[in-house]
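Below are two complexes that have chain A in common, paired first with chain B and then with chain C.
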Partner chain A sequence: MNLTFARKYYRLLSKTEGILYQNPLLALGLALPLAVIPSFSITGAVAISLAMLLCFVPTVFLASLLRGRFSTAGQVIVYPLVSCLLLIPAGKLVSWISPLIFDTLGVYFSLICVNSLLMFSVGQAQKKTPFAALKLALRQWLGATLVALVLGLIRELTGSGSVWGVTLLRNIPRLPVAQMAMGGFILMGFFAALCRLIHRSILRFTIKSGAALDAAALAQNQENSQGGEDR
Partner chain B sequence: MNPLIHHAPYIRHPESSRTVMSDMIIALMPLFCMSFFYYGPRVFLVGGVSVLTCLLADWMCSLLLHQKNNPRDLSPVVTGLIITMLVPPAVALYVVVWASLFAILVAKAPFGGTGHNIFNPAAAGLAFSTICWSGQMFGYTSAMQRLPMVIDETVRFVQGPTAALKVGGISRIGLTELLLGNFPGPIGSTHTLIIFACLIYLVARSAVRWYLPLSYVAAVSLLSACYRPFGVTPLESIANELFAGSLFFVAVYLLCDPVTTPKYRISRVLYGFSAGLLTMLFRYYSPFELSAVFAILAMNALAPAFDCFCEWLMPRLHPLPAPAKADGKGGARS
Partner chain C sequence: MIFLSEMFAAFITAMMLENLLFARAIDIPGLYEKRSPQQILLIGSILTAIIAVCSVPAYFINTLFTSHAAFVPYMTLSFLILNCLVFLGSYFGIRRFAPAVFAQIGNALPFYGVNCATLGTLLIAARLSTNIHFSSFFGYCLGSGVGFTCAMFVIWSMRQSMSLSRTPKAFRGLPITLIYLGILSLSLFGLLGNQLPS
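Then we have the complex of A and B:
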């Protein structure tokens, strides 16, 4: 079996680790409520992404700087506390984007401080250099942001027919459930399934292309050998 | 020695998924005919849209999962027909399409398709539509009003009797009307007499176990007799609660879904009784009139728990006889 294209595809994919490949939300299922519930609109998704950038990324970077200083139990206490402190300026920034969003989703913004994604990344940062940990945190943040933005866009468009408050779809039946938490989780599930389907389709295509390449090479060899015999 | 090799299954039964689903379709057809009599040809349009959407969604799922589509599988047709029976006759078609899509794409296919779904697909689709478009789902029209294919301003919407029951009142509908379904309500779930006849057919065909709807109806009757409106006799209250909405239909067609019900007889009785109690609780305390589908969904989630409880209970109720002790002198006594 010729796996040249499949290997090339995986090499390309591994460059997007954390963003497309091994996405923390779609592949690992981390911090689902954090990304799903505030992304009822694109405004909410942008707000949560900015707050994450200010809280999550510096915390993971700090974890790599202080690696080995705390036990696992200590990490569970210290890093969420650091993230809590960083949430104060993040709240100010978010209220600048949308004055009401921090109050509306108060408890979900607080989830930025204590969630599975933060603890997973802090654990990973213990084995990495500060630069590598920063890269990891940025990739994880970008992956989560990408998913939240796509969800926010679809949910706002289907739920209220608008994007960032600007009405785009008129006279089309709305889907109110899209803006509920239930709709967000269902959409998230479908999004994950779609990504998996696309990945498997590409993989199948690369394997087929490799097989075609093999067949062409075999035919060429046979032609060459026949030509040699005729001569 | 028989040299022939037979492949599994070795134990065969005349009942199959196809026969059960065929029986369900046969039992739904009289309701369709009665609905045509009450509301005109629009019910066929709603039914056609619902069934076609379910079939298309099922086919699409098979295609995506690289599975061969099974044309002998009639479960999407049954799902589509049940959805049709529980929506109002003047419902917008997009509501029916979304309910059918949700039923197949969310409640059925992701769990493994026919025979593997945890929740009843039709109940899930209807619950979804009720949450999204409750105005559309409870806007009924008077019976014997022939509806146009396209709903316009000439169609008058009225409240169903379940709206009065929900707020603790009662609508004074005669018993004959209640049994014939001659009052505003969903397309095919108010024709009590026909549903009862279909129940007898389904029980006779072993597609439905009689004790399951009976336990459900018993629980509903008990609660409606206890918590009846002021000045209403217990029997009147029971008749209104059971027959003035889609509760009896749900008891026969949704509750008895062979895939989502528990396995054992005792657990099925408990399941039906609990579903009845939950239906009445949802009717009193939830914002929607169509409480039965939500209760069914909640009980679907608990169905394996009922089986586990039954497996724990049965050895305690009927302990196995202790094995005879060997007397040590060799041989068993005759």
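Then we have the complex of A and C:
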């Protein structure tokens, strides 16, 4: 039964590569500016995620369509420019979330077009078919969005006691530091460590259970062989 | 004299108080990789040179764009094009005139030429004030590059210290680096004050 659990866990890991397993933010430390600063509230995290969906995913897909056409130097020019062009319509869409969203996001909205996740994924897309690259981009985006939303939720709740501007926690001490850069760094560090700890614990559990089952099977084989000799 | 004092004030602000990494969380790919101090100095010098060269035309673009509201949405695009042009110039310049340096970091050079640090600095400097003087703009861009190089040295020294200490397994690598960055950021925010970067 435990081995079944282990198999299921590994299947889950392989299916969620880029989302839960090898998350671009928690495992690789990519797109740090977008994860640490705009995720001071869930509104900022949603706005950045939406803009990334519109800029990042099509750019990576395009990179796979045009794979092999550009050198590395060409790639860092062409794809950020494509992403920057897509940022203009994305900005209009994101402004529907909140009229003051650009004041709160500041330059971080513009940094979507040159973030390290885009450069990394463009490099990965060079080795993939367009469909596989699209899947990769969606997984990476989903992984980044998941982390940004969780961070945004925790930081807004602890910093101002509200979620999406709606006050949920009253008469509870606030922690404004959670909404600043240092809060983002520290929370993300602990979050990355927690995810790693959970992963390691599951692996240790499966290895132990696997070893226990192997020992039990070995003992049973020995008993069977002894019984056969007695007979 | 006023030019120099303004430039110095902006330089110190960008380098220390509003450090790209500690105060604004702006990094570049591969920052946490193991590197030697020589490589860090080389990368930092190239990055600072690219930002400083970009800052000169960027100041005039910013002056032009802020006076015409219709152009403002295209400011990022114009700064990115400028950044790409300066990067191309430096890429081919290094390849032509400093082949030894190019051989050392040639593959990684594109990632240090166009990234969040270069574009972010230009955008932040442009947002500082609408009537900012050239000296402040240039000083800020120069200070950002130097500050980023210093931040990379700090990360390097932290990694050296951490390699000799017993860190819990779950915290090794990226998590402890992020927590360390957070604590350093906290010390800078003590000087900067309680405000969100924009």
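Here is the rule we go by: the second predicted complex is superposed on the first by the 211 of 231 C-alpha atoms of A that agree within 3 Å, B and C clash if a C-alpha of one lies under 4 Å from a C-alpha of the other, contacts with A are read in each partner's own complex, and residues count from 1 in each chain.
The rule is simple: a residue touches a chain if its C-beta (ideal position, glycine included) is under 8 Å from a C-beta of that chain, and two chains touch if they have at least 3 such contacts.
Everything quoted here is computed from the prediction, not taken from an experiment.
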(message) According to the stated criteria, A:189 is in contact with first (chain B), second (chain C), both, or neither; which is it?
(response) both
(message) Applying the document's definition of touch, where does A:173 land relative to chain B and chain C: first, second, both, or neither?
(response) first
(message) Taking the superposition on A as described, I'd like to know which of chain B and chain C A:84 touches: first, second, both or neither.
(response) second
(message) Residues of chain A touched by chain B versus by chain C: which partner has the larger set?
(response) C
(message) Per the contact definition in the header, classify A:114: touching chain B only (first), chain C only (second), both, or neither.
(response) second
(message) Does any part of chain A touch chain B in one structure and chain C in the other, and if so which residues?
(response) 176-177, 180, 182, 186, 189, 193, 197
(request) Could you pull out which chain C residues touch chain A in their complex? (result) 22-29, 31-32, 73-74, 76-77, 80-81, 84, 87-88, 91, 107, 109-111, 113-116, 118-120, 123-124, 127, 168-171, 174-179, 181-183, 185-186, 189, 194, 196-198
(request) State the interface residues of chain B toward chain A in the complex, per the touch definition above. (result) 64, 92, 94, 98, 106, 110, 128, 131-133
(message) Per the contact definition, I'd like the list of chain A residues that touch chain C in the complex.
(response) 26-30, 32-33, 36-37, 40, 72-73, 75-77, 80-81, 84-85, 87-88, 91, 103-104, 106-107, 110-111, 113-116, 119-120, 176-177, 179-186, 188-190, 192-194, 196-197, 200
(request) Using the touch definition up top, name the residues of chain A that touch chain B in the complex. (result) 173, 175-177, 180, 182, 186, 189, 193, 197
